[in-house]
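Shared between the two complexes below is subunit A, which pairs with subunit B and subunit C, respectively.
So, the complex of A and B:
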């Protein structure tokens, strides 16, 4: 079935990646890129469950990214937790936050939903800044995060962390794909397409949207955990609106209607970012201009355009 | 046989404007009835009141003798009142088959599952039956947004029919269609009604269609019932002729 095939693809991708590392593709730049790709790819992929599937444009998705990072970092700094246990606890905390915020937001439509999610994100950001005794305020979580070895995996080594990041990304992708394929995913698409008729045939708009919000938030929390491992700390910018904005940009670049679109968008975004940062110090200006051209020029994500062309050609020659 | 719909003293006021004025009607099980009346006569409002889309100001709606007045509209659908819309009200990115399967699953409360693949085989078979009945089988893999206007309205009816209503309300099933398409549609509706044995009530502007297929006709004006009876009786009713039909339909 579809799930087994996806899982097979994911295993193959993981094997290829570990193979690449094994035969010596361990340049610091490559490994570093892979970790960031896994982190932001997961963030964008989780956000697209809301934007692409459920039709809920959240501007506050980085709140769960920040929550996952801080929860994980704080737990690890106590020195009492193993990494897998701290990851599970951080995900539980993030899910709880998403449940509370989602319950207040998902009843609202479109622009109100977008702004309220943004408002809650900025609230979390302010809490992080002002609760200095816990979070270190604008300095972030200082002093590093201990990374005890588990199951022979040493996340203090960057190439282990890269493989772990890819593993987390692939597992999440397989799960999210199953969510989309399931009757639950069909219900989310019905609510996106026509909430009025969906309610008429018997769906609870509130419950399904809330469930999607919690699932998306939880996976964003896992992305936050990876980020926290990558930088060995946590910083308020994780929960700042620009982080949400970047995730939305990645989705727009890659495409909302194709499952892998956000991952393609993440790769393009990160490569553009690295390349331009190396060339000029006004990287924000150039990056913004390039993104504008792509978004306005294509008016869709890259994979949206490619898949549409491919379908149109297939229909022409049956 | 079930599908007995009774409206008892139904009234709806928007502020000072009375849209539905003391309407009492009985629709016998398995009958095919038309509701006619000039624009603004309160025909669509009546459907809104029956389906719970609008709360009633006074009066009662009874389905098989049980009051459904004031129930949540999802509950009213569950009790067996289906509805198709004046403007097709669909899931644009769903194929015809998936639309019906999704509607069936939502109706059966089976959309909470994360482990199955959509649509499961048994639901797919049910959807195929409905497509067969409605003549949509050849369009199974077409997305709703790419259907013609007429096929969109047909899918809208199919979606209502998939939920196995005892009473089906069709709001202008032939609106916006050319003459030929109109007759094809109305023949299809008549066949669906005969195949499912349901109580069917439709709003229609085309008098030729109304008089050809309806077993009985209810005429509304200013929100109130002006006349009711067989097409023949209504056609000869002087008040109706004067108020609505005009000279060309008299005799």
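So, the complex of A and C:
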């Protein structure tokens, strides 16, 4: 029921997008924006499973983004893998990393969790920097990534990549929404709101949180795959802490309480980012100032505020 | 892995002396940063993700003061006080607005201020690596103990950091202010009910914590390169210290800093590519075997 409706919406969105591309909205800027939107939207959406639903504030989510990108890039560079197979393998590698880090982190209190996920991300970052023979160090994965055609899809063409990115984003969104609707999702919300009570009624806090951590990490890995397809390589900054910070910023801009909030936040963030980059080289100064104004002024995301107003009005007029 | 070299080193007195001296100095500098982090956590109950930025600012303030006065003492003083003042402003105008809110808010505010400070530093001092160089007054022949070499400046650094650590221990343990701070960490409501202004206590503790980070940045300016964005790596290291030592425990932080300092100095001989990995392995072991840390209350 819910699934059919979500899938219908997703199909409609995909059809609209491909239609837009066909009728000529094929300007490089638009296609480029769509690819980045799909990539970072997926990253933010997956992170919100942890932050919004499970109440686990991870500051190291970009580790899985970087892992997906590097695993996929390295597999494709061997020349032996087809794109779908390499994507699946990269996701498996990312899930494994998330399982190991998650097993160490999800038991801990909120503050420890935020810091430890950050610390393990920086460990991955320094491994990428120092394992030069495999990863190319700070130069990144050079030499391009071959993109053999599969099922008539040629990802070397930007329009195809944009449609593929939107497809991945929509499929992931439908799956994540199913996860939220399932008893598992309800359990996660309960763990967020009252972990003691959840443990008391017999839920394994550890297992549920770990499962959420692995699911979120895997989808972040898919975002990493899209990123590595987009830039035809992989760079250490993918796994740097600023990427995690940006993902949290996107969620904050859109809102944590609405499912599609992170996607709205991603769109706002990307436009803001492009605008600031065009305006000044002191990127961090402006972004930081805007962030502080929003965090200290609104104290929640844009959609959170709108939804709250809407609900308040609805209650007034029964 | 160059384990034969490590064994050779451990079996020779001169090498052990050299490496232990270096390890202790690195460890003590790390302790200054980490003790600030753990102090702020213990009293204010928040993790200062921007702590590394105060370290960085301390180094830049020191660099500027050294350029003007050519005195290392003035440089360290400027680094410490500058970072403490910055910390005070940060706590009063930004952090104090989100007390009692969730970790996400703390994290975002700190993220914002890191972005801003990194860019401010680039605007004022440029994006290049800078170094102060060892001040002329400390260019003395090294101490030789058992054939091992202890650079003169390292000995000075160790002395200063040990003095600061002793001062911190005395201040927190023996003075009225220290007792009030410890009481505020356990039960701020009760301390407030007794007529003590906890707002001032919080601001003072944050300033002291930031000042300690600034002092460490200033002291290490002559031996490490100073660069925008340098705060994050020291932040991670001091967080590893806090996990190993236990959040909120200053004694634990001291032990953990020295363990990490020695791991760094001996590791650079035995497993140079795995030094950071080794620190994470130690942290993971502590988390699994003793999640509350060496001296912590609870995880």
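Going forward, the second predicted complex is superposed on the first by the 318 of 318 C-alpha atoms of A that agree within 3 Å, B and C clash if a C-alpha of one lies under 4 Å from a C-alpha of the other, contacts with A are read in each partner's own complex, and residues count from 1 in each chain.
Here is the rule we go by: a residue touches a chain if its C-beta (ideal position, glycine included) is under 8 Å from a C-beta of that chain, and two chains touch if they have at least 3 such contacts.
The structure displayed is predicted, hence computed values, not measured ones.
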Which of subunit B and subunit C A:183 touches, first, second, both or neither: first
First, second, both or neither for A:299, with subunit B first and subunit C second: second
Which partner, subunit B or subunit C, touches more subunit A residues: C
First (subunit B), second (subunit C), both or neither touched by A:104: second
Which of subunit B and subunit C A:194 touches, first, second, both or neither: first
Contact residues of subunit A, present in both the subunit B and the subunit C interface: none
Partner subunit B, residues of subunit A touching it in the complex: 1-3, 178-179, 181-187, 189-190, 193-194, 196-203, 208
Subunit A-facing residues of subunit B, complex: 73-74, 77-78, 83, 89-94, 98, 101-103, 105-107, 109-120, 159, 163
Subunit C-touching residues of subunit A, taken from the complex the two chains share: 51, 57, 59, 104, 107-112, 114-116, 118-120, 122-123, 126-127, 130, 241, 245, 248-249, 252, 256, 282-285, 287-289, 291-292, 295-296, 299
List of subunit C residues in touch with subunit A within their complex: 41, 46-47, 49, 94, 97-98, 101-105, 107-109, 111-116, 118-120, 122-123, 232-233, 236, 239-240, 243, 247, 273, 276-277, 280, 283-284, 287-288, 291, 299
